[in-house]
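Common to both upcoming complexes is subunit A, partnered first by subunit B, then by subunit C.
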Partner chain A sequence: MEGAVLAVPAIGFNAVYAVLRFANFAVASFATIGAFAGWAANTALGWPVAPSLLAAFVVAGIVGVVTDEVALRPLRPSGALTTAIASVALAIILENVVRFFFGNDPRGFNLAVYRDWRGFGLHVGPQQARDAGAALVAMAALFGFLAFTRAGKTMRAVADNPTLASLKGIDAPRVARIASFVGLGLSGFGGMLIALDTQVDPLTGFRVLLPIFAAAVVGGLGSIPGAVAGAFLIGIGQEMSLLVLPATYRGAVGFLAILLVLSFRPAGLFGQAAS
Partner chain B sequence: MTAYLASLLVFAGINALLALGLNVVWGLGGMINLGLAGFFAVGAYASALLSLRLGWPMPLAGLAAVAIAAAAGTVLAGVTARLKGDYLALVTLGFAQVMQLVAANERWLTNGTDGISGVPGPWRGVLSPMRFDLLCMALCWALVAVCWVGLDRLAASPFARVLRAVREDEMVAAVAGKRVLWFKIRAFAIGAGVSGLAGSVYVHFNGYVAPDSLDVLLTLNVVLALTLGGTGRMGGAVLGALLLEALTEGTRFMGVLPALSPVQVASLREAVIGVVLILVLRLRPQGVLPETPRILNLEADDDERSRILLGRTLRGA
Partner chain C sequence: MPITRRAALAAGLAVPFIGHARAAAEPVRIGALCPLTGAGGQYGPSMVKVIQAVADQVNMAGGIGGRMFALTVADTQTNPDATVAGGHKLIDVDRVAAVVGTWASADTTAVAPLCWEAKVMLFTVSGADSITKLPHHGYIIRTQPNTVLQMARVSQFLLENKAKSVFALSSQTPFAVDAYSRMAEALKQGGAQAIGQIVYDPHQTSFRSEIDRALAAKPDVLFLGSYAPDLAVLLRELYQAGYDGHRLTYGYAATPKALASLPPAVTTGLWSFDPSPDLGSPAYAAVRKILGADDPDPYSCQVYDHMNLIALSVAKAGQASGVAIHDTIRAISQGDGQPVYDAVEGMRLLASGKAVNYSGASGPCDFTPDGDIESCKFRFDVVEGGHKKLLSLS
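== the complex of A and B ==
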């Protein structure tokens, strides 16, 4: 369950990495922005959850493209690490912009509360099941986009071989914008899913930063199937860890998973050999 | 006013120590370390617990804090030895977050999110608060001076020359017979130790430490200080820390804007740090005091040139 929800922002992170070749630490802030956008649509406009999720995707995607153009794109020639550091700064800026307008108080969605489903000795919350379903729909949509649309194909081409793609006349800056929109939009979508299960506040995204990175790194930076596999591994690992660790350490599972996987496969499970 | 300035300078000194520590790892070694807050936490908690629970004298607790932080740095560097760039940035950031988790959850040791208070300071309570601040300022900057001079000597040593070679091209350094991993681990240990010292100074001056004060903003501040001052030069790290303190204090005026709540003022001040970092990276990435390149004329030095050519060949370029 948790793995499916984590997979969405992890895919977003890897989609950005695949095309733009830098680790965008600001994914956490875009998850928060998505959570707030969805919350506003749900409570202020009275939208149901599904269109609110769409609002989360679109708002986070637009903010993502705009901030990338203004703040990060001019830095890309100075190298991936400089851009990554700038993205940490961007994360702090966005988090504080959210805090400026909404304050620190936690907020919740307008949701009906259901009794848990029981069976086979398991408890399943309908909300969690529905979140996981929404995550699967988002993933299916992304795979459809990458496999069947022109924009999706050009994105894969640039991710695969930027030189060849530019020789073929693919407009790299345009593809970069599409990747930012889709990737950061997915982070926002995932952020709202996470917030549905927890709460909306300026640190909603930041709290899951470590599991998101872990999913992306364990799967292999830049690999979209890797992000899915990594997220499910981390999700299961976090649940299993409850057997041996106190619940407050769930976040640390991701860190341990990163160290373990990278010790044996420095490029992650699905990553290409480091160049 | 004097006490206020003195405490500002203590915090600037703490940031200077952190920036000096980062400069060894990043400036000289070219390894990104976003785990500074983690080493700072290790130093602060070690120093607080040893002096409070075991009654160790402060200089001894401080030394132990440096040693423990350096040990943590050695372990982390050993584990992450093969990682570079983005992966290293992610793992070190993860390390800092795990340290924060440990500080918040191991109540028996760290008192959880309430933090540890009542940590002794040098002659705290004997001196007037103002004299205490002045004394701390003097002690803190004496430590900054010691580290500055020491690390400046280090930066001129053969050790740092190898580190710079590792930064520029690891393979060339390895071909020249240098044990790259061993140099990296030592650089990480030194950097972590200096960060631990900063944590120790912080906790004895402040008298209090809690997980809240150890978040990623602390690391970002130091990255900003070092970028502002100029990576690679020790003087750059110290100058950057002073500039950063001037910047953060300079934004205090926003508190007088009548229409804003305290939360809004705090968020604006944090956002300013981020904006300035991005602007510095864009407009003056080499900082105020850039590192002076040591090789000026490639053509004149056949030995150097052949080494660079060798490096290119090895990388298949």
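== the complex of A and C ==
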């Protein structure tokens, strides 16, 4: 279930990479912004979980588009590495903007906590099941968007072959804005899912940046099904590692997975081979 | 005006005194290296406020023999890398005589070698035993009780509450293993048992597997060696897992804001412990006034003492270097001198030739040769309805 929750921001990371061709490390801050937006909707406006998740998606998406236009788009002609480094700076700035307005204090949602369902020697948390369900709905909605809408198809076209897409008259800046809105909105959506199980604070997203990045790389940078597979692989791998490794080394599983997968498939599980 | 031989001679003789006059006016440069962000970010801002307030009080009273405190603030980010970067800047650029307020043990461990190599005094509120075992040559002073003191008192509390088997879920810190070993020894002597420990990576979104393994050992008390972010996850998941046994954690993790972020059903019955400030001390009252808070946190109390100890050491030594503070701190913090609770009063006594013994907001401030405090009080609380309620103070 941890894998399902991690998959959402990992998809966001890969959606941005697929279209804009750079690793946007600011996904961590958009996850935090989504967590705060969802928290505000839940506690200040009294919204339940589902509309709060929608608020997390929309707010993170809008902030994502605005910051991309202002901070990252002017740097894109300088190359993917320059833009990726700028995204690290953007992440730090956004984290501190959140800190400036909300402080460092942890915050929680106005939601009851339920005991686990038990049976057959197993126990499942209702909240974890709900969060995993929400993650699956978000993934299904994204796949539907990419498969059945005109905007989604233009995104796929640009991701598959930017040159051909431009020859066909596709408006690249518009597609970039759609990709930023959807990708960074999903990061916000995932950030709220993570905060539901942990807490809302300026580091909510930063704490999961490495597993998100690991999931995206293992699955294949730019591949949306790959992000899902990578996240589940990392999530399940981390849990299974406890059978053979002390819990202290659980965080290293993501990097071990990167090492193993990239040794045999340099483009990741679902990534296209570098041309 | 022509320069005569007599004027040139007078000017030449005056040169050494110009340097001396400038040295007398040199400020006492202090670096506040506090956790303004990261896991300790709930404490850093109030720590800096207290440090600044003591500097202002001393400066308004005329400084330390004419020397003013000059304060530079840096953020540890509760991260060893950032702490070392901040330490380098304070020591190499700002030329501080002392660094004050490092909070997380990993941060203090990382920055300590920079301090002792540069002969800069390091005043810390970190608790790991290993810190004062470093080869620091006397350049570390710690006002937080080490794990020996803490775990002796925690074990005593557990035994008083009829604990028989204790399992520890501990965040990965420099003191996690030491703390468990100390607790295991003390419990064994009291007829109880520490039955296992899992040291976890705190940057996880779930600890369900760790909790399953801990509960499989059937403990009657879980010791949660956490920081606030991971404590919130652990408490929620323990509740979900149906655990209704006792839970004990560090007071710095169970902060009022962290407790308020969780439903009361999840936190009710949680025990927490803190090294307690000296609640009856005038120095404690001064910290309350500075922060405008009825119950200031222990770290703000400790940095209040750090600054007062520095002021008194510099006043005693007549010099504002790390070496001077190193050489004189125990002459003003312990012994037979007249008890004082703030630097301004202490400096007045020192100026009149009297010996002083500083007692602070955090306790007596008497230090072992290693730099540890010799004793302090502890408070134990229980959480009810989302708020801490005092159980014992001794």
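Assume the second predicted complex is superposed on the first by the 270 of 275 C-alpha atoms of A that agree within 3 Å, B and C clash if a C-alpha of one lies under 4 Å from a C-alpha of the other, contacts with A are read in each partner's own complex, and residues count from 1 in each chain.
As a working rule, a contact is a pair of C-beta atoms (placed from the backbone, for glycine too) under 8 Å apart; a residue touches a chain by one contact, two chains touch by 3 or more.
None of the values given here were measured: they were computed from a predicted structure.
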| item | value |
| --- | --- |
| Combined model on subunit A where subunit B meets subunit C, clash or fit | clash |
| Which of subunit B and subunit C A:Pro246 touches, first, second, both or neither | both |
| Partner chain(s) touched by A:Ala80 [first = subunit B, second = subunit C, both, neither] | first |
| Subunit B versus subunit C as contact partner of A:Asp171, first or second or both or neither | neither |
| Touching partner for A:Asp160 - first (subunit B), second (subunit C), both, neither | neither |
| First (subunit B), second (subunit C), both or neither touched by A:Val208 | second |
| First, second, both or neither for A:Asn104, with subunit B first and subunit C second | both |
| Those residues of subunit A which subunit B touches in one complex and subunit C touches in the other | 96, 99, 104, 210, 246, 248-249, 251 |
| Touching residues (chain side subunit A, partner subunit C) in the complex | 1-2, 5-6, 96, 99, 104-108, 111-116, 118, 123, 125, 127-128, 194, 197-203, 207-208, 210, 238-239, 242, 246-251 |
| Partner subunit A, residues of subunit C touching it in the complex | 37-39, 41-42, 45, 172, 198-201, 203-206, 208-210, 213, 228-229, 232-233, 236-237, 239-242, 257-258, 260-263, 265-266 |
| Footprint of subunit B on subunit A - complex, ascending | 17, 22-23, 25, 71, 74-75, 78, 80-82, 84-86, 88-93, 95-97, 99-100, 103-104, 209-210, 213-214, 217, 221, 246, 248-249, 251-252, 254-255, 258-259, 262-263, 266, 274 |
| Of all residues in subunit B, those that touch subunit A in their complex | 32, 34, 79-80, 82-87, 89-91, 93-95, 97-98, 101, 104-105, 216-217, 220, 223-224, 227, 261, 263-264, 266-268, 270-271, 273-275, 277-278, 281-282, 285 |
